[in-house]
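Each chain gets a letter, A, B, C, D and E, in the order it is written, and its residues are counted from 1.
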Amino acid sequence: MAGFLPDWVLVIKSVLISIAAIAFLGPVTMMYLTLLERKVVGRMQNRIGPNRVGKWGLLQPLADGVKMLTKEDIVPTPADPIAHFLAPILIVVPALLVFAVIPFGRGMTAVDLNVGLLFFIAISSTTTLAIFMASWGSRNKFSLLGGMRSVAQMVSYEVPMVLSVVPVILITGSLSTNDIVLAQGGWGGLKWFIFTPWGLLAFIIFYLCGVAECNRSPFDLPEAESEIVAGFHTEYSGMKFALFYMAEFMNSFTISALAATLFLGGWQGPVLPSWLWFFMKTYVLIFIMIWFRGTLPRFRVDQLMNLAWKFLLPLTLINIFVAGFWYFAPNTIVRVLMSAGVLSLSFWGLQKLNQGYAPEKRVYQFGD
Amino acid sequence: MTSYAYLIPVFPLLGFIINIFFGKFLKRGAAWVSILSSLASCALGLPAAYEVAKTGQIFSAHAEWLTLGRSTLSFGYLLDPLAATLLFVVTIIGTLIQIYSAGYMQDDPRFSRFFAYVSLFMSAMLTLVIADNYALFFMSWEVMGLCSYLLIGFWFEKNSAANAGLKAFLTTRVGDVGFFLGILTLFTATGNLNFTELESSVHAAGATPALALAALLIFCGTIGKSAQFPLHVWLPDAMEGPTPVSALIHAATMVAAGVYLVARSFALFSAFPSVMQVVVLIGTLTAFMAAFIALSATDIKKVLAYSTISQLGYMVTALGLGSLSAGTFHLMTHAYFKALLFLGAGSVIHGTHSQDIREMGGLLKKMPHTAWTFIIASLAIAGVPPLSGFWSKDEILLAAFDSGNKIVFFLLLVIAFMTAFYMFRLVFLTFFGTLRNHKIHPHESPATMTGPLWILALGAILVGLPGSPFFGHWFSNFIHGPVTQGTHEIHGSGAVHHALNWFVVGCSVAAGLGGILLAAVFYLGKLNPSVWVMRTFKPLYDLSIHKLWFDEIYSVLLVRPFLKLGQWLFIFDQKAVDGLVNAAGTGTVKSSNLQGWIDKHIVDGLVNLVGVVTQLTSATVRRVQTGLVQHYLLITFVSVILLMYFHVKP
Amino acid sequence: MTHLYDIVKFGIYALMAFSVLAAILAVTVRNLFHAALCFAAVLIGIAGVFLSLHADFLAMVQILIYVGAVMTLVIFAIMLTERFGDNSSPQNNSLTLAAFGLAIVSLIAFSTISVKTRWPIQENAGALHLSVGELAYALLNTYVLPFEVISVLLITTLIGAVIIAKKDRVS
Amino acid sequence: MIFGTGIIKGMLVTLKAFLASYFKGPHEGGIFTVEYPEKRLAEKERFRNFPFLLYDQTPENLRCVACDICAKECPPKCIYIVRDFDKEGRPLKRPAIFDIDFTVCMNCGICEEACPFDAIFMDHEFEIAGPDRQNKMLYHRDDLLKSNEYFNKIRPTDAGAIDARRREAEEKKKAAAAQAVKAKTTQPQPEPPKT
Amino acid sequence: MIPLTHYLIFANFLFVIGIFGALVRRNIIGILIALELILNAVNVNFVAFSQNTSPDPATGQIFAFFVIAIAAAEATVGLAIVLALFRVRKTILTDEIHLLKW
């Protein structure tokens, strides 16, 4: 049936379809993630959460959207117009781009690059640029400070995140996300990487870094309301602020999706259709993120940095080593015990090392 | 005894040394030192003289002193009759005068120095006497000149004394120069200067003009020293010195040295008749001139000085006439009575403290000893027969008469007459008549002064006898005896004539007594014709009183031009020599400046050039270092392109 | 399919033009921050060009390292050294004319060279698709020494940079 | 204890709360919030909002005698009282003007404690938001007047206690007055009236 | 598809712009950016040549990797120096930093 159209039209058609799907999926997920988050956090704080707009507050995102759009878009005079204007756009673009690589279902990945995972990492690293533009462009001390903090945080968490992915690549032997998911197939889910010792550790590290990458929950120092108003998007209002918001939620969605694909076997599932499994796993991880937000207090900057550089990074390096061992060792219980032992030992060792850490005695310049 | 003859001059020399160095401590003792030293030399000299007189031998010894190329100079002593007589004269008179001056110079502040100079003079005179060659002779001759200068200018505070000393010294120096040239020509002509060999060497050399010249030049020494005609001006002024000095030096010894010189070189002189005539001419001329001036002299010492000059002229004339013995004999006798006259004048001055005879008069009563000794001496010099003066003067007149030179004989007679006249003019003015200047209180001199006067008076009387006929002309034989060994007498007159020429004797006595009478007429009588004579013979009188204007002539002819010459030389020196020196100085300065300029501009220039060049190049090259990074980048990139271009292109 | 190729080719040329333009802007824009952003655009453009040359791993690495790390560094540097409000000063100095002339000349020179010389072009030039595996193989086998040396280099620069930029503690 | 356990314990608490919110009642840890405008929770009696003046039966006989104590005591000084004069100029025991500026009042309740005449009490009513701050917020005497019944309704215990106390005082005063009338009729005034 | 010379010309353009930028920029960071631009131009050349001419396409890309790595290292050190310079001199304009001027 496809014959009647010239081939290049076909190519464009398929491209357009996937683009349309992602373009629709992104914003919608973002909207309903905001609602989900407010509902869940509310419930955790013994309150109901938004329920007045629509049946169970289902129309609340629309309300927010309308509010955002109608709000006046204020641009501070000293602000750098170009940077200020471009920042929100440039922050959404990578968020959307990343969707191209995520395998929603069997054969449902928009672009099956054989460097898919690397694509994901590369694109996520460009968000720092946008954050810089936002913070520097608005010529505001708080936003600058917030910007600096978020960039520092993202840069320092990007390293363990990238390294935690390496064991997966090591085992599956390919960078393409689809291959990774295929590698985890079979046995009704027991082949997921999470059930391997290094897989579990890698998952935890990846997931934590992912959360930090999105500037969410315990790591949301950049927009810490109590200290620096709203971090790098202080000076934004209206539509631009909405874009920031959307980008943040899309990032959290993609991080959870990737975590799921890498460690929870993506769309691999015994009965239900592949995409349903994918979405269930992703939303479980999103719930955990929101759960984090509901409970954990905010990290101090030095704790944040120490966790990344002094705890996660060494752990991932050891993990890569263990994965290497795992790859070459014969598939027996010994392998499991050995690697589990090494990892728990190193986990305990590093935790011991960091424990002794007492924050550096603060030197008061004037009062003492 | 004669072997120690060379010690004779040494004693006075020792005396001189003691006095000059320890004089200040000796004070009055200085006199005794010099007197003892001269007595010692008498003790040596007199026996030696007696030895020569007795044996008639000549004693000499000499040692080699200096070798000049081929010829050698030797020093030594020579004792021959001539030296003996001089020894006899010098030692005795010297001692007496030193005794006299001990009293005369009592209150003089420089007492010891006076006696030092006198002793030095004695030693010089004695070495001259016993010298056996011209060199030693000339040396002592010079020392004597020095002593005369020192003693004349003894009271150098007085300007006149200092000038007189200088004058004396300079005029005698002129003579000495001639003498020295003579010695040299003699030396060149004959090769040796020894007196004994003089006779033989002159014969060997023959009568060459050089020898004649030598003779004449040697005679110049005599003219200077014995104050002959042209160079006589210093003797009257020499009276500025103390009287004993005048007595010793300007009467007895030093002036006699000139005559002694002619006597010593008689062989040389006699070989040239023309030279002999010159000598005679000079002698008579001096004698006559001096006598003429003495006529009008008013100062007692001046009169005696001029009389000494005229008597010396007498001696020279005698020698010139070829009579060695007459001249020497007159020398001896004259020494005694002239010394006496001077000492007498000295005691007169000592008593009256004035030298102008016009102020004196009638001193006979006040100063009997001095007066009588003075009168004896005057008689002697006037040539009154029994006294020594008569015999010696007679000898000379005889020689003149024999020589056939009538004019000379007549002049000599006139001179004798003039001598007698001015001597007794002096005697009558000072001792007879009345004291003209009442401020003077004459008093007799003490014994130490009058003693030597009487001894000399005795001498004046007795000394003439040896030459008199009573003793058979012993003296002339004595003098000619040994001498004839090598010399032959000129004109055959020789020494042997014993016949007394009564005509000559009569003329001389007449001349003497005539002069005395005329003087008495002039000055003893009341008539006082001197004023009349003065007026009638005004020009002659002026001539005489002004000493024939010799001093003025000399000052005009010699002194002033000499000064002019000096000035001119000074100016010449100032301009030319200094000019040259300055020129040389500025020349060097100029050349050094030039050299400095060259060094500064060219040498330094080059060095600086190097510096400047480096500075310039570095300044330009430095501009590349702009410090801007991009400039460097530009340069590198351009060079890269160029390199590529060249790499690809060729 | 040729249409597709033409479109893609046109896309690539457009990308090149975009990159050159961005490069020009990056070099001439007065405000340094904008220059840095333009430079980021150029980098992404070049990543695109790499993709067109089928070097997609390199493109991803380019983006990851350049845009992610180096740009962050540059912008940090700009922020730390930027003095507020002084970006009005002219950004180019006295050399402008000389540099411009030089640029033109060298451009012409290089272009003529690159066009004139006959490059030994392989026949299957464009078709090769290089998989990451082959790349990894080459990296760790034939070029393992440079790989190790580069790692040493990176460590030393890391330490060096920290020491240089460290504010010297008042001990 | 192991590194991560502290966090997990905390997470469990929030999970419990999350689940409780669905399955537990308002008091066992479930959601106790109500949808406000439709359902309201009763205020506690001790709840204080802005003060109001009390009057018995009719607004005229309000208890406040303009003694100005509450104005003096009020920390932010938001009460303004002017005494009322009758026609002859003699002062009356009632305020002509009694203003409270609600933007200044911090509803501390000190005027209620200070008032000797039980005339001023803290109200429960909080929905008094107004469009602007300037004039609406200044409540005059008549706006502040509230009846005793309303007071008993919102604060039953306090109002009851106060009414009981006033009644006793009333009877005691009536008795005293009666006795005084009786004593006055029985004996002449022995001492001058107390000033 | 796209001939080699087009890539070369594109690289030339970038290279020349990089040089121009390096020469002209007053701000050192500007120069650093220009420098990075030059290096990227070189990278493009590498990849273009390896794709079209060399038998084993990997070499060019490997070299590009190394160039990127070194460029990153160089950028870090450069910027560290710039920071130190700024702290000391309070300026990073090249024409104000000319201490080495004679």
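Here, contacts are C-beta pairs under 8 Å (C-beta built on N, C-alpha and C of every residue); 3 or more make two chains touch, one makes a residue touch a chain.
Given the structure is predicted, the values throughout are model-derived calculations rather than measurements.
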item: Least step count from chain B to chain D, where 1 means the two chains touch; value: 3
item: Chains contacting each of chain C and chain D, listed by label; value: A
item: Pair with more cross-chain C-beta pairs in contact, given C-E and A-D; value: C-E
item: Innermost chain, taking as reference the mean of every protein Cα atom displayed; value: E
item: Chain located farthest away, centre of chain D as origin (C-alpha); value: B
item: Chain whose mean Cα position lies farthest from chain A; value: B
item: Length of the line joining the C-alpha centres of chain A and chain E, rounded to whole Å; value: 33
item: Between chain D and chain E, centroid-to-centroid distance (C-alpha), Å; value: 78
item: Chain centre separation (chain B, chain E; CA means) in Å; value: 126
item: Averaged-CA centre spacing for the pair chain C and chain A, given as whole angstrom; value: 28
item: Contacts with 2+ other chains: residues of chain D; value: none
item: Residues of chain A whose C-beta touches two or more other chains; value: none
item: Of all residues in chain B, the ones touching two or more other chains; value: 628, 630, 634, 637
item: In contact (per the touch rule at the top): chain pairs; value: A-C, A-D, B-C, B-E, C-E
item: Partner chain E, residues of chain B touching it in the complex; value: 622, 625-630, 633-634, 637
item: Chain B partner contacts - residues on chain E that touch it in the complex; value: 19, 22-25, 28, 31, 94-95, 97-102
item: Sites on chain B touched by chain C in the complex; value: 628, 630-631, 634, 637-638, 641, 644-645, 648
item: Contact set on chain A toward chain C in their complex; value: 6-8, 11, 80, 82-83, 86, 113-115, 118-119, 121-123, 125-126, 128-129, 132-133, 136, 144, 148, 151, 155, 158, 174-175
item: Parts of chain C lying in touch with chain B, wherever the complex brings them together; value: 93, 95, 98-99, 102, 105-106, 109, 113
